[in-house]
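Next up, some structures in C-alpha cells.
The two complexes that follow have chain A in common; it is paired with chain B in the first and with chain C in the second.
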Partner chain A sequence: MIHSLFLINHLGDIFLEKHWKSVISRSVCDYFFEAREKAVDPENVPPVLQTPHHYLISIYRGKLFFLSVIQTEVPPLFVIEFLHRVADTFQDYFGGCSESVISDNVVIVYELLEEMLDNGFPLATESNVLKEMIRPPNILRSVVNTLTGGSNVGETLPQGQLSNIPWRRAGVKYTNNEAYFDVTEEIDAIVDKSGTTVSAEIQGVIEACVKLSGMPDLTMSFMNPRLLDDVSFHPCVRFRRWESERILSFIPPDGNFTLMTYHISSQNLVAIPVYVKQSISFFEAGSCGRLDITIGPKQTMGKTVEDLKVTVHMPKAVLNANLTASQGNYTYDFTTKLLVWDIGKLNPQKLPNLRGSLSMQTGVPNPEENPSLNIDLKIQQLAISGLKVSRLDMYGETYKPFKGVKYVTKAGKFQVRT
Partner chain B sequence: MGETFQQLLNLSGTTSKVWLPLYLKQIVDLMIEQADYWKELSTVLLYIQEPGIIELCTLVAGSVVMAFEEVCPDRIDLIHKNYRKLCNLLVDVEEWGQVVIISMLTRYARTQFTSPWTEGAEFDENKAFYDSDSEEKKDQTEAKPYIMDPDHRLLLRNTKPLLQSRNTAVVMAVAQLYWHLAPKHEVSIVTKSLVRLLRSHREVQYIVLQNIATMSIQRKGMFEPFIKSFYVRSTDATHIKTLKLEILTNLANEANISTILREFQTYVKSQDKAFAAATIQAIGRCATNISEVTDTCLNGLVLLLSNRDETVVAESIVVIKKLLQTQPTQHGDIIKHMAKLFDSVTVPMARASILWLMGEYCEKVPKIAPDVLRKMAKTFTAEEDIVKLQTVNLAAKLYLTNSKQTKLLTQYILNLGKYDQNYDIRDRTRFIRQLIVPNEKSGALSKYARRILLAPKPAPVLESAFKDRDRYQLGTLSHSLNLKATGYQELPDWPAVAPDQSVRNVEISAPIVGKTKQPKSDDKFYSDDEDEKEEEESDSSGSGSEDSSSSEGLFLSVRFKVSETFSFYEHCLIPQNDSKNPTFRTSGISLFYVSFQVTTSSFGPLKTYELLHHMTGKGLSAKYHFPRQPCLYQPSMVAVQVILNNSSDHALEEIHIGDRSPASLNIHCFNTIERLEPGASVTVSMGIDFSDSTQAANFQLCTKEDQFSVSIQPAVGELLMVSTMTEQDFCKEQGKLQGMNETSATITMATANASRQAINKQVLSVANVGEVPSSQNNFSR
Partner chain C sequence: MPYLGGEETVRELRRALSNPNVQSDPLRYRNTILKVIRTMSQGVDVSGLFSEMVKACATVDVVQKKLVYVFLCSYATLNPELSLLVINTLRKDCQDPNPMVRSLALRNMTNLRLPSLVEYVEQPLTAGLRDRAACVRRVAVLGWAKLHNLQPSSEIDAAVVNELYSLLRDPDPVVMVNCLRALEEILKEEGGVTINKPITHHLLNRLKECDIWGQCEVLRVLQRYRPQSEDELFDILSLLDSFLVSPHPPVMAATLSLFLSVSSNLPAISLAALERVSGPLLAACGSGSREMRFAAVCHIQLLLRSVPGLLGTHYKRFFCGYAEPAYIKERKMQVLVELVNDENVAMILDELKGYCTDVNTDTAQAAISAIGRIGRSYSDRCLQILTGLLGLKQDHITSAVVQTMRDLVWVCPQCSDTVCLALEGCEETLQDIQGRQALLWLLGVYGERISSAPYTLEVLIDRVRSEASLGIKMELLTATMRLFLCRPAETQDMLGRLLHYCIEEETDMCVRDQALLYYRLLHCGIEKTREVLQGRRSDPSLGVLIGRPAKPVSQWARCFNTLEPLSQGAVEAESNSRGSPEHVTYSPKPNADLSDTLSCSHIEEVHSGAEKIEEVDCAWIEECVRCPAVLHCSPQSLQAAMQLVNIQTLAFTPQHMLPWRVYLYTHTQLRVSEDGQEEEEGIKVILNQQPKDDDALRQFLTILITVLNTLSSKKD
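Now for the complex of A and B:
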C-alpha cells in the first residue's frame, strides 16, 4: 500500500520523509518536481503521477505537498483520503499544518505517522484514539519532557480501539456536561452578468463539541429533515435509524468531531443573500479601465450580513488600481493581481460601493474577459436552507447536560461572473 | 520466521480473546512481509476461516483481506466460506478495511454470479433513450427472467449504507461495486453520493471526476439531472476544469445543448487559455454529436476566428476543419474566410489545417488555393515540419486539378522538399513526385494518383478521451492513469453459468432451537413485500447464528437474536383473515441482552442432543444437554451433562474419554465408569472449554473394546453464563452493547397469538432466556 511519505514545501525542498517499508531514495521526487515545474501553479499539479517503478500520489494542503510513493495498484482515493486525514490530524494536534509547525513538533509528527500507518495500511486514524496514545503537545508537558527525557507516548493502550465503539474511550468524566452543535451552511453559487443564478447549492455541516461523561446515547431530530438531499455521517451515527425515522441516533466521540455533512442540490430553491451590481470595463485607448461595484441585500431573512468581502482576480495586464470605497477598505496586490475589498457589515440603508480606475500595462492587448468576483460573507443565527434542529435527547446517563445549537451561513464558492 | 509464526498461532489460540485481534494482526503483518511462507499462510487462512474468529475482530478483517489480496488474490476458494460473514460484517469494519474488502468482493462476485445485465442491453441505455425499438428489447428481457442470486443481493444490500460514509474512498468503492455488479437500473443510486464528493478536496474531485467521465459516456441518464454541479468556476484548477468540460460534453443532448453552449461561451472567454482551447474542442464534439446544433456551433466558431488570442483562433481552425469535413458542400465562404486568416495565423497546427482544407476543397476555391500555394513557396523553408508536409500535399493536389497554374510552383516546392533536413519531408516529397509527375520510371500507380489523393475521406470522429477507459475497473489507479499499473487485477467477466452456490454455505454448527421453518405454502397470504423481508432474514440466520459466537460471553450479537425471533414468529404465523392482523414492532421487544434465571427448571430442560446413537455405538448410546449451571471445575468451562445408556444385551465396561481434538481442547472428564449393566443408564457431567466459539469439541468415547469418535457442538445460547439481573442492571449492560448494529423489523401476526403472554412464552422458549422483571408494560426484555 503506502510505501513512503515525503513532505515538500513550496520551494521544492523535502523537509521530512517517512518510510513504512523499505527506504525509497529521494530521487523519486524528481519526477514530481518535473511535473510541478510544468504545471506552473501548484494547484495544477496532477494528483496521480507515474514513474518507471513507482506511482506518486500527492495532495496540496496549506502550501505543502504531501507526496506518497506507491508500488502497486491501490485505489487512488484511498491514498488521497489518508493523506488528507494526516493533514487533518496535524491541524488538530498543532493548530496548523505549515512547515514551521511540523518542524517544531517533528518528534510527535513521526510518532503520529508511525501509529497512523502500519506496514503501509492505515491503522489508527481516529483522532480520539490517537490522542489517547500520543498526547497533543502543550507547554507544560514539553517543559517536563525536556527535563525528564519523557515522551508524549501514552503509557496505557487506548481503551476504545478494541471495543465496538472505537471512536469513544471509556471512563470519560466532566464536571460540566455540555454538548454544542454548530450548523454551518455554505452557499455555492454562480451568478451571471445579469444577476440570474446559473447554479446554486448548499453544503451543510454539523460540527459538534461534546463533553459528556460516561456513555451517553444522543438522538437529534430535525424540524424538516426532508430538506436534506444527500448526507454523510460520522461512523457513530446509526444509519438504519436515520433511514427509517430520519433521526440522528449516536454515541458521540469525546470532544470535537463532524457529525454529518449534507448537500442540498440546485434543484431546490436556494436563497441568494446578496446581489451585486458591477461594471468593469477596459478601454482600448489610454490603457486604463473602470471598475464600479455595489452590493446590496437580497434574501437575508431579516438578518444582517457580516464579514462581507469581495475578491477579484484581475487580469495580468492590470498594473494598479485607484479606487475609492464608500465602506471598508481595499487592497490590490500587484504581484498576485488580487484585489480584495473588505467591507464588513452590510448596511441596507447605505449600500457599499467601490469605484475608480484601473491602470493598465501599455502595449498589451486588453483582456477580453472581465474577471469574476468571489464573494465572502457570513450570516449569524441563520441556516439559509431553513434547516432546524427540533430536539436533542440524551439516554443512557442520568445527569442533565447543557445543550446548545448555533447556526451560521457562509458563502462557499460564491462567484459572480462579469 | 516459522517459529515466530507458530508461537503467535499458539498464543492466539490460548490467550484472552481481547488480545486476539492484535495477535492476528501481527500474524498478518508477518505474512505480508514473508509472502513465500506458503505453509504458514494456508494455516492462517484456514485458521481465519474457522467460524468465530473473523467476527471477533472487525479490526483485523481489513488487514486479513489485504494480506489475501497481496499474497494470493487468485485463491477464490478461500473466500467462499467467509463471503456471507464479510458481507454482514462490512458495516462494522473500520473504514480502511471496508475499501479493501469491497474491492475484493467485487472481484469475487464477478466470478461467482451471473450477469444481472440482460443480454444485449449491456451498453444500450443511451440508445434505448432515443430509439423507439427499445420495446423489443424489453420483450427479450421478459422472455428469459433473470433471478439474482440471494448472495449477490446480500452484497448489494449491505454495501448501500456505506454510500453515506464520510470516507471518500469508501463511497467510491461502493460506487464502483454498483457500477460493476448491480443491475443497470440500480446503478443510479450512487449518483448523489458521487456528486457530493465533488465538494471535497481538489485531489478527491480529480479522481471522482475521472470516474464520472467514464461513467457518463455509457450512461448519460445517471448524471444528467446534476449537470449544474459540473459547471466550471474560474477558481478551479485547470485539470478539474478540463474534466468538468469533458463530462458536460458527454452529457450534452438535444434537450440541454442550448444551456451547455451558453456555458461554453463563457468558458471560451476564460483567461486560462489552455482551458479556452479545450472548450473549443468540446464545442466541436457537441457539434458533431448533435446534428441540430452543428450550424450554430460552426457559426460560433467562425466568430472566434476573429478572436485576439492566437491559441483560441488556432484551436477554432482545427475544430472547424474537422467539422467541415462532415458537410463540406455549403461552406465555401468559411474556407475563403480562413484563407484570408492564413497570413495572420502562426500556430503550426492551425496553418497546417488551413492548407489541408485548401487542398481538399481546392475546387471550391479555385482562385485562392493557387495563391496560398504561392505564398507557401516563398516561406517554405521557414515553416514547421507539419506545415511543410501539408504544403507538399496541397501542391500535389493542385497539380492534379489545376496543373496549368501550379506546375512550376509544385516543382519548386518538391525541389525544396527534396533537400529538407527532415527525412519525413524528403520521403514524402519523393513519394509525391513519383506519384504525380509522369515519367518513364513511374509505374501503374501514377494513373491512379488522382483517385488516391483526392479520394473522399471519412470525417474524423470526435470522441471522448475517456472512451476506452472502461476497460479498467473504476476507482483503480490503472483507471486514473489509463494504463495498467503493477499488480492490477483484471476484473473477470461474468461467468455464463453460475458456479455452485452451495460452496458459500457454512455448516450450521448445532441444531438451533426453533430453527425449523414453516412450509412455504402457508405464506401465501402475506403481501409480497413482507414475504421478501422474511426470506431475507431467514437467509441471514444461517450465517447470523455463526456470527453471534462473539468474543466475550456476554456479547450476543443482535443479528442472531433477530433471526431466532424471526423463526419463532414464523411459527406463530397462522393463516387467518389478514385484515385483522395487528402489527407488532420487534423493536419494542428488544432482545439485546439475554439473561438466565439460575433455576434450570423455569425454562429448561431444554433440549437434549444426540451424542452417540446406539446403532453406531454398539449398544452404547449417549445424549447430552447443557444444564446451564456454572461449571464446577473451571469458570471458563461450560457444564455438559451426558446421559449414557446401555441398550445392548451385555454389560459395558470402562467407559471413559479418549483422545480429543483439537489437542489443545480443555476438557474436564468424568471419572471412568467401571461397568454399565444392560438397560441401565447413568448421568455424568463434564466441563468443556469452548473458548467462546461454536467450534465443536471432538473427542473419543471409549469402552473397553471400542472407541467412538463423538463431538459436542454447542449452540450459541448454551455458552452463556447464567445470571439474573434487575431491570437497572439490564439497562446498564444493554448500554454497553450499543454501537453495535441493531436490527428491527415489523411483523404481522395472527390475533390468536397476539397476547403478551403468548409472545413472551414463545420468545423465551425459543431464545432460551428468562424475563427481566420490568416496570414498563409492553416492553419485554
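Now for the complex of A and C:
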C-alpha cells in the first residue's frame, strides 16, 4: 500500500526517507518539486499528484511535507488519515513536528516508522501501544541512559497487545489517584463587513489525563448532552450507552488521551464573543491609507476575554504602518506584510482601538481587495457552546479519586472580512 | 550541502567502528552506530561500512540491533554476499525467549529482500506462523507476502497458503487482517483471496475488533462478495449500518463503497446510503486537516452527480475561508455551482463575487467562471456581477470575464445585448492569449452590434507582424472575415491587408492555409462565404433546462473512495472553463478533425454538434421514423417519459414553432446523441453516435418509437 515516505522541509530538501518495500529513488520527488514550484505557496500544493509510475500523496503539517509514494490504487482518505497519524505521533513523542526536532530524534523516528507500518500496511498506530514499545525521549531519561547505558526500547512486550482492553495496560498503580478533563472549544467563524455571521461552527475536544490505579470504569454525564450531534469518540467509549442514555461510559487508557471530539455547526447555537468595528481604506491620491479597528465584547457570558490578538495580512503595496494603539502593542513586518496587534485582556469599559495611517508604494494601483482580520482569543472557564459536565462516577475500584474539569474557549479560524 | 565531505566522514566512522576500544564499550559503540545512521539519513553513501556493521549486529543490546538492521536493510541489495553473514545472527534471534526480539529478527530477515537468502528464511517463517506471541505471527504472516514479492515467479507452497487461510480465524485481529493482506498479494494471479460465505460472515462478525486500518482493509476485500439471497444482503447491510456513520472518514468511505457494490441493482438502497453518509462527509469537510477536507469535498462532488439536491441547505459549509489553499477553494466553488437554487442564489453569488478579487489569480479566475456557470440559469444577476468586474481593469480578471461571457453567450444567446455593451473598451486591459482570443470571437460574431469592433480589429491587424501566438492570428482572421460580412464598408480595407500579410509573409502553414481558404471562398461569391462562415447560431428562443439531470449511482460507484475523483474532477473543470471546445469546432478550420472534437465533447457541446449537421454528415446519421400519430403532447410529459428510459432532454424549441425540435441525449455503454425534428406527418431523427454501433442504434430507435407511441396513445 504505502511504498515509501519522504519528509521534505519547506525549502524543498528531503531530510528523511523510509522505504517499506524496495528502495525508490529520490528522483520520484522531482514531480512533487515541480508542482511545488508551480504552486508558489507551499500550502497550495495539491495533495494528490500522478506520475508515470506512482501516485504521490502528501500532507503539509508544520512547514513539513509528508510525502508518501504509492504504486497501486488506494483509498485516498485512508492514506491521508494515516499520514496525519504519523505526524500526530511525532508531535506526541517529541512535543513538536519540525525539521530540527525530527533530525534530533532521527533514530526514534526510524523505530516508530518501522513499528507503524510493515510491508506498507499500518501495524501499530495507537499511541499508548507505541509508547510501551518505544519510550518517548525526555531529558531525565537521556541523562540516566548515558550514565547506565539503558535504552529507549521497552524490553518487554506491551501488555496491552494481549489484554482484552487493548488501550489499557494491566497492573497500573498510583499513590495519588486523579482524573482531569479539559474541555476545549474552538470557534471557526467568518463574520462579514456589516457584522453578520457568514458561517460559524464550534470544534470541541475533551482531552483527559487519567492516572487511576487498577481497572476503573468511569461514567461521565453532561448537563445538556443534546447539544452534541456530531461526535467522535476514543475507542474506549461504549457507543451503545451513549446512543441510548447520552452518557459516556468507558474504561480509560492510562495517561493522556483524547476522549472525544465534537462539532456544533448549527449557527444559532454558536455565540460570537467579540464584535469588531473596522474601517480600512486606501486613497487614490497621496499613496496612503487609513486604518481604524475597535474591538468590543459581544456574547461573553460574563467572562473576560484574554490573549486577544488581531492579525491582518496587508496587501503587497503597503510599505509601512504608522498607528497608535490605545491598548497593547502592534508590529508590522513589511517582508511578510503581516500586521499583528497584541491586545491582551479585553476591558469592556475602555474598548481597545488601533488607528493611524498606512504608507503605500507609489505608482502601484490600489489593492482591489481589502484584507481580512484574523482574531485570536481565549476565554477561561467557559465552553462557549454551553456544554457542562454534570458528574463523573467511578466503578470497579474502591479508592476515592481526585477529579477535575477545566473549560476553555479559543478562537480557531476566526475571520472578519472588511 | 550534505553531500560534501562524505568520504572523509565515512573513513572516520570506519576507524571508530573497528577500534577495539570502542567495541568494548557498549555505549560508545552504540553512539558510533547512531552517527552512521544519522549520516545515512542525510543522504551520504555509507555502504562502504557494511562489513563493520555486520559485526556490530552480534550484540544483546536491542537498540543497537535495531539500528544495525535499519542500516542493513537499506544496503543489503548492494552486498548480497556479506548479508549472508547476518542471517546466522538473525536465525539465532528467532529462538530468543523475548517475543519482541523474535519479531524484530523475523521482520528484518524478510526486509533484507535478497533472493539468495530465501532458503534460509523459509524455515523460521513457517515456525513464526505457529508462534504463541501474536506480534510474531503478525510479522510472519506478512513475511510470506514479502517473500512472494521477492520471487513472484516461484509458487508459495500450498501448505503455507492453507495455513494462512486457517490463520484468518486467529484470535488476534491484526493477524487476521494481515492474513488477508498477505493472501491478496500471494494469490494476486488467481484474483485474490477467495471470498465465500463462511469467510465473509466470519470477517463481518469480527469487524468491530479491528482497528480502523483493518476495518478499511476488510471492507475493501469484501467488495468482491456477492450475497446469495436478498435476506443475506439485508443482514449484511444492517450489520454495516453503524460503520456507515463512523467518525473516521476512511472507514465511512470504505463502508459506503461496499454498500454501493453489493446493492448495485437496488438503487433505492444506494440512495438511502448516500443520504445517511452525507452527514459524516460534511463533517469531514470541516475537518482540521486540509487534505482531508479536500478529499471529502471531491467525494461530495461524486455524490452530487446522483443526488443533486442532497446538500442544498448546507451550502454555507462550502464557503471558502481566507487562508484555505487554492485547490480546496476551486473544488468548493464547483460544489457551490451545483448547489445553487432559487433561495440561496443571492447568497452564493455574493460570496463568489468576493472570491473574484482573490490574490491568487487561479482562484479568482475559477470564481469568475463559476459565476458564468450559474449564469446559465440566472443570467441577469450574473451578468451584472461580471460587468462590474470589468470595471476593475485588472488584466487577469478581465480576461477571465471575457472568456466566461463568451461561454455564457453561446448557451444563453439572450444575454448577448448586455455582453456587447460591456465589451467596449476592455481590449486595452486584455493581455493573455486566451482572453484576447475570446474577445476576438465575440467581436466576430456580434460585430454588427459593437460599434467599435472594426477599430479594435484594425489595431490588432496593424500589429499582426509582431504577434507571436498562432491562435490569435487564426481567430483574428475568422473574426475579420465575419465582421466583413456584416460591415463590409469599414472592414474591406483591413481584411485585404490582413489576407495579404497572411498569404505572402506569414511563415506558419496553418495560418497561411486558412487565409488561402478564405481568399478562395471570397472568390466563390459573398453568399457562399456567408453560408460557410455564419452557420446557424444558437437559437435565442431555445429554452435551456435548468439543473443537471441526476445520473445513476452505478456510473461512479466504482471510483468512489479511489484516487480518481481527486484528480479527474480537475480535468473536467479544466475543459469546462478553459478549453471551450465548441468554439474550436465552430471556426471552420480545414485541418480540424471534427469527429474527434465531437467525440470528446460533453453534453453541452451537443448544441454545437447540432449546428454542424449540414457540414459533418459523416458523424450524423439521419433516420426517418414514421410515427403513426401526430404528437402534440406537452414538452414536460415528453421529458418525463424520456427520463424513464434514461434519455435526457437537453432542450426544445417553444411549442408553437414549426418544425418543432427537441434535443435528446443518452448514454449507454455507447454514447448516442440525438436531435429529433418533428414534422407534421412524422419525425425526422438525426443521430450522432460515438463510437458507431448499429445494434445499439436500432435498439435506441425502437425505444424512442415505443415511448412516442405510448405517449400518443395515452393522449387518445
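Brief remarks on what is shown
Methods note: the second predicted complex is superposed on the first by the 405 of 418 C-alpha atoms of A that agree within 3 Å, B and C clash if a C-alpha of one lies under 4 Å from a C-alpha of the other, contacts with A are read in each partner's own complex, and residues count from 1 in each chain.
Assume a contact is a pair of C-beta atoms (placed from the backbone, for glycine too) under 8 Å apart; a residue touches a chain by one contact, two chains touch by 3 or more.
All of these numbers come straight from a predicted model, not from anything done at the bench.
The superposition on chain A brings chain B into a clash with chain C. In the superposed model, A:190 lies in contact with both chain B and chain C. Of the two partner chains, chain B is the only one that A:251 touches; chain C does not reach it. In the superposed model, A:279 makes contact with neither chain B nor chain C.
Once the two complexes are overlaid on the shared chain, A:114 sits against chain C while remaining clear of chain B. By the touch criterion stated above, A:224 is placed in contact with neither chain B nor chain C. Touch criterion met: A:234 reaches chain B, while chain C stays clear of it. Of the two partner chains placed by superposition, only chain B is touched by A:215; chain C is not.
Within the superposed three-chain model, A:73 lies in touch with chain B and with chain C [touch as defined at top]. When both complexes are overlaid on chain A, the residue A:415 reaches chain B and chain C alike. Comparing the two interfaces of chain A, the one with chain B and the one with chain C have residues 41, 43-44, 46-48, 50, 55, 58-60, 73-78, 80-82, 84, 118-119, 121-122, 125, 161-162, 188, 190, 198-199, 201, 203, 230-233, 239, 261, 263, 265, 267, 313, 368-369, 372, 374, 413, 415, 417 in common. Within the complex, the chain B residues that touch chain A are 18, 21-22, 25, 29, 32-33, 59, 62-63, 66, 70, 91-92, 94-96, 99, 103, 161, 164-169, 171-173, 192-193, 195-196, 199, 201-204, 206-208, 225-226, 228-229, 231, 233-235, 237-239, 263, 266, 269-271, 307-309, 475-478, 480-481, 483, 485-489, 735-744. Residue ranges on chain A touching chain B, taken from their complex, read 1, 41, 43-44, 46-48, 50, 55, 58-61, 70-78, 80-82, 84, 118-119, 121-122, 125, 161-166, 188, 190, 192, 198-199, 201, 203, 215, 217, 229-236, 238-240, 243, 251, 258, 261, 263, 265-267, 313, 315-316, 365, 367-369, 371-372, 374, 396, 413, 415, 417.
Residues 26-27, 34, 37-38, 41-43, 61-63, 66-67, 70, 74, 77, 98-100, 107, 113, 133-135, 138-139, 142, 145-146, 149, 174, 178, 181, 211-213, 216-217, 220, 242, 247-250, 253-254, 257, 279, 283-284, 286, 288-292, 294-296, 299, 316-317, 319, 321-323, 325-327, 351, 354, 357-360, 392, 394, 561-563, 566-567, 570 of chain C are the ones that touch chain A when the two sit in their complex.
Residues 14-17, 19, 21-23, 26, 39, 41, 43-48, 50, 55, 58-60, 73-78, 80-84, 103, 106-107, 110-111, 114, 118-119, 121-123, 125-126, 133, 146, 149, 151-157, 161-162, 188, 190, 198-199, 201, 203, 230-233, 239, 261, 263, 265, 267, 313, 368-369, 372, 374, 413, 415, 417 of chain A touch chain C in their complex.
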